[in-house]
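In the two complexes below, subunit A is the common chain; its partner is subunit B in one and subunit C in the other.
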Partner chain A sequence: MKIKLYCLTSALVGIILLSGCWSNQELPDLALVSAIGIDLEKDGRYTFTVQVINPGNVAGEGMQGTGGSESPPVSTYTESGWNLTEINRKLSKKVSRHIYFAHTNLVVISEKLAQEEGIMPVLDVLERDHEFRSSAQIVISHQSDAEDIMKTLSSIDKVPANKIINTMKSTEKVWGEHVSVSVRELIAKLVSPGEAPVVTTFHTIENQGETLQSIQRTNPDGRLEAAGLAIFKKGKMVDMTTGEISKGIVWLLNKVKNTAVSVQWEGEKHAAVFDLIRQQTKVSADVEKGGTVRMKVNVAAEGNVSEVQHPINLASPQALNKMEQRVEETIKQSIMHAVDKAQELETDILGFGEAVHREDPEKWKKWEDEWEESYFPEVQVDVSADVFIRRTGLRDEPFHRYLTK
Partner chain B sequence: MPYRLRRLFKSKKQQAPSSADQKEKTPLGTSLKDNLKEFKKRTGNSSDVVIRTLTTGGMQWEAAIVYIDGIVDNTSIDEFLLEPLLQLEVPTTPVLQQDIPDYISEQVIALGGIESVLDWETLFEAVTIGRTILFIDGAAKALSTSTIGGERRAVEEPPTEISIRGPREGFTESIRTNTAMVRRRIKNPNLRVKTMKIGRQTKTNVEIMYLEGIADEKVVEEVRRRLKQMDMGSILDSGYIEELIEDQPSSPFPTIHFTERPDSAAGNILEGRVAVFVDGSPFILHMPAVFIQFFQSVDDYYSRSYIASSLRMLRIMVFLISLYAPATYVAATTFHQEMIPTQLLIVLSAQREAVPFPALIEAFIMEMTFEVLREAGIRMPKAVGQTVSIVGALVIGQAAVQAGIVSPAMVIIVAITAIASFTTPSYSMAIAARLIRFFLMVIAATFGFYGLILSFIMMTAHLCSLRSFGVPYMAPLAPFVPADFHDSIIRLPWWKAKERPRLISGQNNVRQGDDLKPEAPGTQSIRKQRKNTGDLNED
Partner chain C sequence: MEKAKINAGQLFVLIFLFEMGSALLLSLGIEAKQDAWMAVMAGMFGSLLLFWMYYRLYLFYPDMLPTSYMQDIIGPFLGKIAAYLYILVFMYNAARVLRDFGEMLVIFAYNETPLFIINALLLLLVVYITHKGIEVIARTGEILFVVLYVLAVTGSILILVSGLINLDHLKPVLEGGIGRILKTAGTETLYVPFGEAVVFFMILPYVNRPDKIKPAALSALVLSGINLSITMAVNVAVLGVDLTERSQFPLLNTIQAIQVAEFLERLDVFFMIALIVGGFIKISIYFYAAVIGASDLFRVKEISRLVFPLGLVVLFLSMVIASGYAEHIREGLHFVPLYIHLPFHVILPALLLTGAALKKRHSVNKRN
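Up next, the complex of A and B:
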């Protein structure tokens, strides 16, 4: 018994003392990367930019020793090379700490790289690496390098990566022209034959937002701003949509949460505004015997009248019905624009292929390989919308109705 | 059941009966002079020994009373022993020389407990507990009268177990007061008290108390056996007994529960436990103890069951915090930075930036500082107690952070741990957590969460392997006893608690009647009921 106890104790002590603190790393040994940016050089090399958080400057207020805003909240380090792992190792020449990717929430890929080489090659390492999280959001830089996006400071969110992510998520929710996509979702869509991804693009102006002085202005020059939706085809960016078409795409993806729809009334284009509060879009496929595919899109939307600029009698049900129809028209129109655009580009960003797959798996197996080129552009789309006006705000008739009398 | 049996029959080697019992007894002499001489010799002329000689029975019998001053009740000696003796007239019928003691004990002394003493050993046992001895010339027999008394601490509110709603009295150092306080609560002739004298020098009174018919006889027998084979030099507190009779002395977890409250003691006896009272100690032990018992406070039974249940769960959760908070912090900041939310990590990282030590050392510094402060706070005279809190608040709270030795987050962790460790109602359990915490911190710094999980598994396995007088320590959770669950991490209302804990009270499980749940009748039926029946408990 005693010998057993001695053996056990010495073994335990040995394990603890001999192994030491294997693989431990103290917090001050880490360089927390908030975002990474990937650019393509002319000679085909990648340029890799990491945005490293300076914790003292982010959490700085109230801490002694570190001045709150004397130095920027993030620093960027750039290196180029033929593959990302090599670049990451080479970055150690410039960064004094272990570059730690576990808290990287944003990946920015330059438009040039997405258009010329496609995003496939750089995604592998992001998915394979154990530190990197595939839940990180991905955006494309529009008319600027990913490096510029990395370097631009923001004022409210101290860490620019957070600013981009939060902007994207918030605009997706309240305006509905952009979608937030994580690396994992992007890869899932890339490998699915019945679906192609859309990715939000962001824009800034080169060399304008790099200094702390730039964000000390109320209206900074180099602003990070959501631009549009990058449309991908076979892993390459083929086009970028904005405005109505973007919104149509988001409608079809059933990701619109809130938005505002202008209502046309008696010739006046923006007579009233329908403020969407909830909606549900259902996309279903109907494969006919001859082989033609009809997609049925149904939008059920509910919202309020939030603004009226024309003397409309909102107390009357007829007027509201009419208004609901107008909104339905507008929504249908924007969805049809999106469908036309996708069919023109021959890329199934709307996920119709998946709907067909669910509806008729047998046929889908035959069509799978040529879906986007041969079948998708020929798909007939029936859009129906069902809009309901729940409330008209605090009053029924607008006050200018009395003025005109 | 099988757990208990297996454990109990595996009894330890029977020790040889102690030599003190075997000693031959020296009989008293007949001459008063010789007896007093012998008495003086044996007490070494101690100055607190009082010998008063007198003549009684109408100036014809030589006698003497002896006692130790301070532990006797002087009033009863004066009024009920000395006065009748001095006023005793010559008996009407002649009394034989050797019958005088019987005559006096039967007709003269107005005290309750009188025993005849024939030998010196019994005599000294009696005199050292505060009895008064009456020697009579010519008889080889002395009388020992019960005059136990002396200054004792009054019954006060127990300082270590505070309750909001509940009795305010606590045990004292006097064993008789203590047993009386319990007996006053359990008016049942089946409440048994058995006395033992333990300690070669101290001859301490140790009493076990249990309810015959409810307590498991085997446990009672086992407690008695373990107490009997104890051949200690001295017993000064129940802590001595606890250490000598517990099941698993090498475990950091206590397997015997102690209390300072008579209501808690009574409650445990009523559940079928055995209580051990030790003279001179305000803490009584009860056994068998289960893990969950150390998280139950008496207030739980007096407050509403929802509140009591949530508080119990809170205490258990907080106990885990007091064990794991610093270890988790060390593990998360040195191994698992990816598990900390980004914003929090940035804040922590900014704080750690200026700290010169690794997280483990930092945690150790702070925990040690806190332990030192706590210990100082206990040992310090009350008059300077304020100083500790001021120094503590400044050292831990501010100066250490400002000096850049520790990070503010660490201070928060230590503060949470400290406060958490005070919520455990049982001091012996809280102190166990205090010790294990340091071990866990080293494990966390060596193996990270992997080590913490392993240590948690080890600790659970250890807890499940413990037994307290044959009862599994983790009962009623492991083994799961559904019938006992009503009083474990939760406390169901009393009308749900029909049975006593099964593993503890062996034979007699049912404690109360059925259908105790109060149901409010309609107004009309109350009126009727009052007229017809009346109250069940009315006299």
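Up next, the complex of A and C:
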């Protein structure tokens, strides 16, 4: 009798406890969101676009002979409203499943929103929500709406969000004009008085990349490509840099991994190319007694010569030494361009304020509130660079050393 | 008193898990900003003194529970009141930790599940293990200790490997001076979590080798202090001061930041397990102390007769002590240290110790 009672109780307890979770969500009931885009409308409302993965069409990836499925790998849904939570609920009118944000890797914010209203109001919900991961990357759409970026299909990576993230990460690594920034890092920089964020911008052509036909061409019409770096000041985007200045910023942030630097030689501007293998940039502050701040920037870089267009004798260490100096000059210049730009805009994207904070906490307390307006533009910057050319590839002297004479 | 014995190793494990408990998950000592880790260490050193006090009390009455020897020191009437208050405090603390635990689960994983269900399920387990007695709690602790350590070591390696640690976040060191650290330690970290070890004066009489209590307990406090301090340092180094301050559960954010090789990410389950292990042991010990105290004070022979009613009280207490999470946390930061921790962790034990010492001297004099 007792055994029977035990069996019955344990069975009952089992039924109650093992039957599953309370707020369970089954995979077939979820719409996995890969990216979200936020735009600003004329009347001040937000437009929120979610890019939802169509599981069946992505799963075919890698299988042979199935290329060109009939519907696109992602679908987008757009809704507008005054706040993101409300819009998210409203989106249920259009999506048949529960919109699930735990796999969202990318947040696209339109240039217009970043410039006019600032990004701060929309970031809170991304940080607060328990489903959304703050390790998601963030980008700004340049000369296009975030919605267009959401809609553009890509050819190698089937999911466009992945394409954007991978492009950003790989170009950061091998070229060094862009940085990948996560929501968490962005917020940390926004709240720090001695630091302002930079965010990579992406560009696409409106209404060109939405159909599967568009990616069936070898040269797709609507292309997602990294454009430049958006510079923020007090949470608003104030400018966008490209080229040399962007590179200087990335150098200063110590995020450059590889890049190529042109070397000037005997009057020829692009005579050779220095290929960076590794580098370390150190930024330290020196607060003098009078109150002037001197930033010391030191770049230690190591790399190879990867290409020579001018007959230079690469077998000679003297020539290489000279070349090293030229590279040092170029790097210094590009860093100074970045510093000038930041000081002109009065926004501390280079993190000098934090360096001062670490160096002299007491002075920093006084300066903190008006650092960017009053002190940052006056900061003196000394840049020094140590470049080492270690190797020159499989050849020393170029084959055209006698031909061009 | 229950007829049971635990060994010094088990005491070590229990104190360690108890200290790690919910403290591991909150932003401990963050009022000292980037020096929070030092405030934790300072609190730990202070708590060694407190623990020495509890230990001396135990040495005066090695075979009795505090609820009994209180009556011996300050007389049966006052002693009974003090003992009764201690039982209430332990139950209140058990309810607080239970609420912490439930709120965390609701906020971070089970948004739509009622708090009551989560608390009830955990308390069911606590009631069961308390019913089984201290020996079972201790043995469970030994297993969970290994689990927690494996998690901690794996987690640390992953955080190191994914290159998240930015030591610049910890600078400038000592920005607010030693004063801020001591203030944070004196108002916060000394009491939570280290001073909470006061509950162990209910457990000490069960240890089989009294000579080993001191090394075991002190090393457990030191080790847990070091671990908590490292955790806070890592949290600040990964998240920065601002985010650590604003996070309800900084460790969760730190763990969520882990991304190794594109596939080792979203390791929230690490956090979950640490949370459940810590919370479970902490509630069990508080609850056990309350039950054993009540059985001693009210002379109830079988503790199993007290376990269920007191369990219900703790469960309902955990529901009614605050109407929302913000209220709960604010009470914990401003009310509890002043009105509960200070008197019951510091002042009362100090008075008891003085009383016991005087009484002893008195009786020695009498004999002469």
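Rule of thumb we're sticking to: the second predicted complex is superposed on the first by the 377 of 405 C-alpha atoms of A that agree within 3 Å, B and C clash if a C-alpha of one lies under 4 Å from a C-alpha of the other, contacts with A are read in each partner's own complex, and residues count from 1 in each chain.
Here is the rule we go by: a residue touches a chain if its C-beta (ideal position, glycine included) is under 8 Å from a C-beta of that chain, and two chains touch if they have at least 3 such contacts.
All values derive from a computational prediction rather than experimental measurement.
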Go through the superposed model and pick first if A:Ser262 touches only subunit B, second if only subunit C, both, or neither.
-> neither
Partner chain in contact with A:Arg184 - subunit B first, subunit C second, else both or neither = second
Between subunit B (first) and subunit C (second), which does A:Val58 come into contact with in this model arrangement: first, second, both, or neither?
-> first
Have a look at where A:Pro361 lands relative to subunit B and subunit C in the superposition and call it first, second, both or neither.
-> second
Identify the partner contact of A:Pro28: answer first if only subunit B is touched, second if only subunit C is, both if each is, neither if none is.
-> first
Between subunit B (first) and subunit C (second), which, if any, makes contact with A:Thr171: first, second, both or neither?
-> neither
Between subunit B (first) and subunit C (second), which, if any, makes contact with A:Ser192: first, second, both or neither?
-> second
Taking the superposition as given, does A:Asn105 touch the first partner, subunit B, the second, subunit C, both, or neither?
-> first
Between subunit B and subunit C, which makes contact with more of the residues in subunit A?
-> B
Do subunit B and subunit C touch any of the same residues on subunit A, and if so, which?
-> 21, 23, 102, 133
In the complex formed with subunit C, which residues of subunit A make contact?
-> 17, 21-23, 102, 130, 133-135, 184, 187-188, 191-192, 354, 357-359, 361
Inside the complex, what are the residues of subunit B that reach subunit A?
-> 333-335, 337-338, 342, 345-355, 358-360, 402, 404, 442-443, 445-448
Quick one: which bits of subunit C touch subunit A in the complex? Just the residue numbers, please.
-> 107-113, 117, 121, 168, 171-172, 175, 239-240, 242-243, 253, 256-257, 259, 265-266
Going by the contact rule at the top, pick out the subunit A residues touching subunit B in the complex.
-> 16, 19-21, 23-28, 30, 32, 34, 53, 55-56, 58-60, 63-66, 100, 102-103, 105, 131, 133, 159
